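Below: a set of structures, written as structure tokens.
Same chain, two partners: chain A is paired with chain B first, then with chain C.
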Partner chain A sequence: MMQALIGYIRGIGRRTVDRVWRMGVAARFFLLVLLHSGTSFRRFHLIIREIFTAGVLSLIIILVSGLFVGMVLGLQGYETLQTYGAEESLGVLVSLSLVRELGPVVAALLFASRAGSAITAEIGLMKATEQIAAMEMMAVDPIARVVAPRFWGAVISMPLLAALFSAMGVLGGYLVGVVLIGVDAGSFWSQMQAAVDFKEDIINGVIKSVVFGIAVTIIALFEGYDAPPTAEGVSRATTRTVVTSSLAILGLDFILTAFMFRGV
Partner chain B sequence: MQRATLDLWVGLFVVAGIVAVLFLALKVGNLGGYDNGATYVVKASFDNIGGLKPRAPVKSAGVVVGRVADIGFDPKSYEALVTLSLSARYSFPQDSSAAIMTSGLLGEQYIALEAGGDEKMLANGDVLKITQGAVVLENLIGQFLYNKNDSQTEQAAP
Partner chain C sequence: MSDNLIEIRDLSFTYGQRLVLKGINLTARRGQVIAIMGNSGCGKTTLLRLIGGAMKPTSGSLKVDGIEMGRIDQDALYQLRRRMGMLFQFGALFTDMSVFDNVAFQLREHTDLPESMIRDLVFMKLNAVGLRGAHDLMPSELSGGMSRRVALARSIALDPMLILYDEPFAGLDPISLGVTGNLIRRLTDTLGMTSIVVTHDVQESLKMVDYVYFVSEGVIEAEGTPAEIKASQLPYVHQFVHGEENGPVPFHYPAPDYAADLGLAA
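Here is the complex of A and B:
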């Protein structure tokens, strides 16, 4: 009985130590990526290639989701605001919720599942097929050649994608609210412009998306680099990337929101 | 993929992203309408500011001429000290008056600046002397009920 209890507590301890150890390795990995960034910036075409795979190829899903999220916000917001006779505030509702929260967060969630999982699978497979070991044999640093360009490509893409998401969402809200339902276009835009502050709302949204971009990419890269070099290992690492980065986005979003929008 | 096509796509993507940020800043945000040019600062104290917030608009004849820069409390006079930053394009007479108004029934509060007749103009750091604080709904209802009672007793008297 006593023995079983001690064994159980030992199990908790081992898991905790493992987690902390992994966190430490991930932090050192992050530092290593930053240290090797200089080399990858000198070979900028590598970063451009990664902006293409992470950013340009995610465009369709980001634009379409943004448009539909904005259209749904327009419909639902109109339903609720109408009961208070405040349907002119629809623009404020749509734009503030998109620029402050939904744009950065939903774009980052989509980015994690679209680009993050691809990064993990790619690097995990490169490791499983010993391409990374081969690079080390040829005295090519895999962090500088493979990891750092992917990091910067994704970190540059993320805020652009979030801005596109928000812009498409506002257009979607405009389509449903003004074109379809018939809210007055003038008050839709003017109330929006009166309520949305460039520094308080838009810049803070961009800062959020940069932070999410860094978090998602470093999780994806680390999971890929750390994956056991088997088919099962790569598949589990890909799953872990999506789960961990989604949780990280939501947690970070709460912390950032608490700091940014503590009611002026 | 060819290097040139890759560059083209990435270039298009980056341009689209920048256009989106500009759209958000100019069309959605307030960078377009309100110029962040030269301003001058005027102070005014109110007995009650109600729900006035920093960055609320200052309007004269309904046109936005500035913003509320700062709201403080004067511990000597026990009044709210509001700092207004007005656009340098507009100058107002020194005896202009400021009142806190509400746009619509439940809208945001703003400061209405009523021009006076003085020949001297407001300069940076001046203090507005004539002010009118926000109307507190509870007081208004209280006053209304009080007046109603009064008029009823008057009618009953003769």
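Here is the complex of A and C:
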């Protein structure tokens, strides 16, 4: 009985140490990526290619999701606001919800599932098929040539995708609120214009999406680079990318919101 | 310049608690094709990775072109690797690039040559392996043998002094097998390189190599020219060359008594 308990506690300790150790390795990996970013900026076409893969190819899911989220916000918001006779404020509700929270968070969650998982699978398979080892044997540093361009490509794409998500959401809210339900278009736009502050709302939203972009991308890259070179290893790493990045996005969102919108 | 490109003396390598290689002595003269043979898991691929600098020896000396690999730093290793090529077991071609871009990869990464010259060089390398016509195909469109040949063209892109081959014959049909073997020999001779071939394909390798090392359980069990190896009466070499089921390498993985496992023991 005592032995089993000691074994159990020991198991918890070992798993905790392993997790902390892995976080340390991931932090060192992040530093290495930053240190080896020079090549990517000297040969910017490498980053452009990754912006296409991570950003442009994620456009459809981001735009369609943004439109639907905005439309739902329009419907739900109208239902609540009309109770208080404040349906003219629908534009404010839709735009602030999107710019401050839903835009950066939902776009990052979608980005983690669409682009993050693809990055992990690609790098994990490159490792499994010895492409990374081959590159090292050709005296080309894979962190500089493969990892860093993907990091910057995704980090640049993320705020742009979040902005497009919010823009589509506002359009969705407009379509439902103004075109479908008949809220006054002038009030919708002018109240939105008056209530949304560039620094407090838009810049903070952009900062959020940049932080989420860095978190998702570094998790995706690290999981891929660290994946055991087997089919099962790559599949587990891809799952871990989506789960860990989603939790990281939500956790970071709480911390950032707590700092950004105190007393606003 | 020493006549020996690779000199290994009393090399040992430990992985975790396990002694993978012990007391290895090996010499490769410039211009030679050397085969390192042995059954799966005997440590021959580890030896190849040590020569390529992917791992460092635990003890002993390993010199490539006079440079001690145990003490080499990252920059010097990368400088040395520009003069080395490696052919991986399944080619390890970059799957997001065409055949042309794969072969051009090192030229673009390590030189400032104009694109027109890179084009000519890539076509020359591809022509040497007979695949100039396949330059615009993607790796997924190639057969196993073709992938191996493209990878060979890629590894000779910078005219290296040394090429390391990890199981170049694995999974090839008889025609591709012959073609790959001949290519290794011909390219070594015409480009003045040295080749180290890790393989367990006895018949194909004995046709074209200059010298053979047999590795078994981490030690060099036998060595000699192909003629000496064929004539060898050493039990391990004899079993390996003739593909016999029983000999020093047992058919059965160590196991408890069979009857006891079946519950028939008295």
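Convention: the second predicted complex is superposed on the first by the 263 of 264 C-alpha atoms of A that agree within 3 Å, B and C clash if a C-alpha of one lies under 4 Å from a C-alpha of the other, contacts with A are read in each partner's own complex, and residues count from 1 in each chain.
Assume a contact is a pair of C-beta atoms (placed from the backbone, for glycine too) under 8 Å apart; a residue touches a chain by one contact, two chains touch by 3 or more.
Bear in mind that the values here come from a model prediction, so they are computed numbers and not experimental data.
After superposition onto chain A, the modelled positions of chain B and chain C are compatible, with room for both.
Between chain B and chain C, it is B that contacts the larger number of residues in chain A. By the touch criterion stated above, A:1 is placed in contact with neither chain B nor chain C. In the superposition on chain A, no contact is made by A:258 with either chain B or chain C. When the shared chain is aligned, chain C comes close enough to touch A:136, but chain B does not. By the touch criterion stated above, A:55 is placed in contact with chain B alone, chain C being left untouched. Using the contact criterion defined above for the overlaid structures, shared-chain residue A:159 touches chain B, although it does not reach chain C.
By the touch criterion defined above, A:12 reaches neither chain B nor chain C. Nearest C-alpha atoms belonging to chain B and chain C sit 10 Å apart in the superposition, given in whole angstrom.
Within chain A, not a single residue is touched by chain B in the first complex and by chain C in the second. The residues of chain A lying in touch with chain C in their complex are 126, 129-131, 133-141, 145.
The part of chain C that touches chain A in the complex is made up of residues 52, 54, 77-79, 81-82, 84-86, 88-90, 92-95, 105-106, 109-110, 151.
Note for the complex: chain A touches chain B at residues 45, 48-49, 51-52, 55-56, 59, 84, 86, 95, 99, 157, 159-161, 163-164, 166-168, 170, 189-190, 192-194, 196-198, 201-202, 206, 264. Those residues of chain B lying in contact with chain A across their complex are 1, 3, 6-7, 9-10, 12-14, 16-21, 23-25, 27-33, 53-55, 57, 106, 108.
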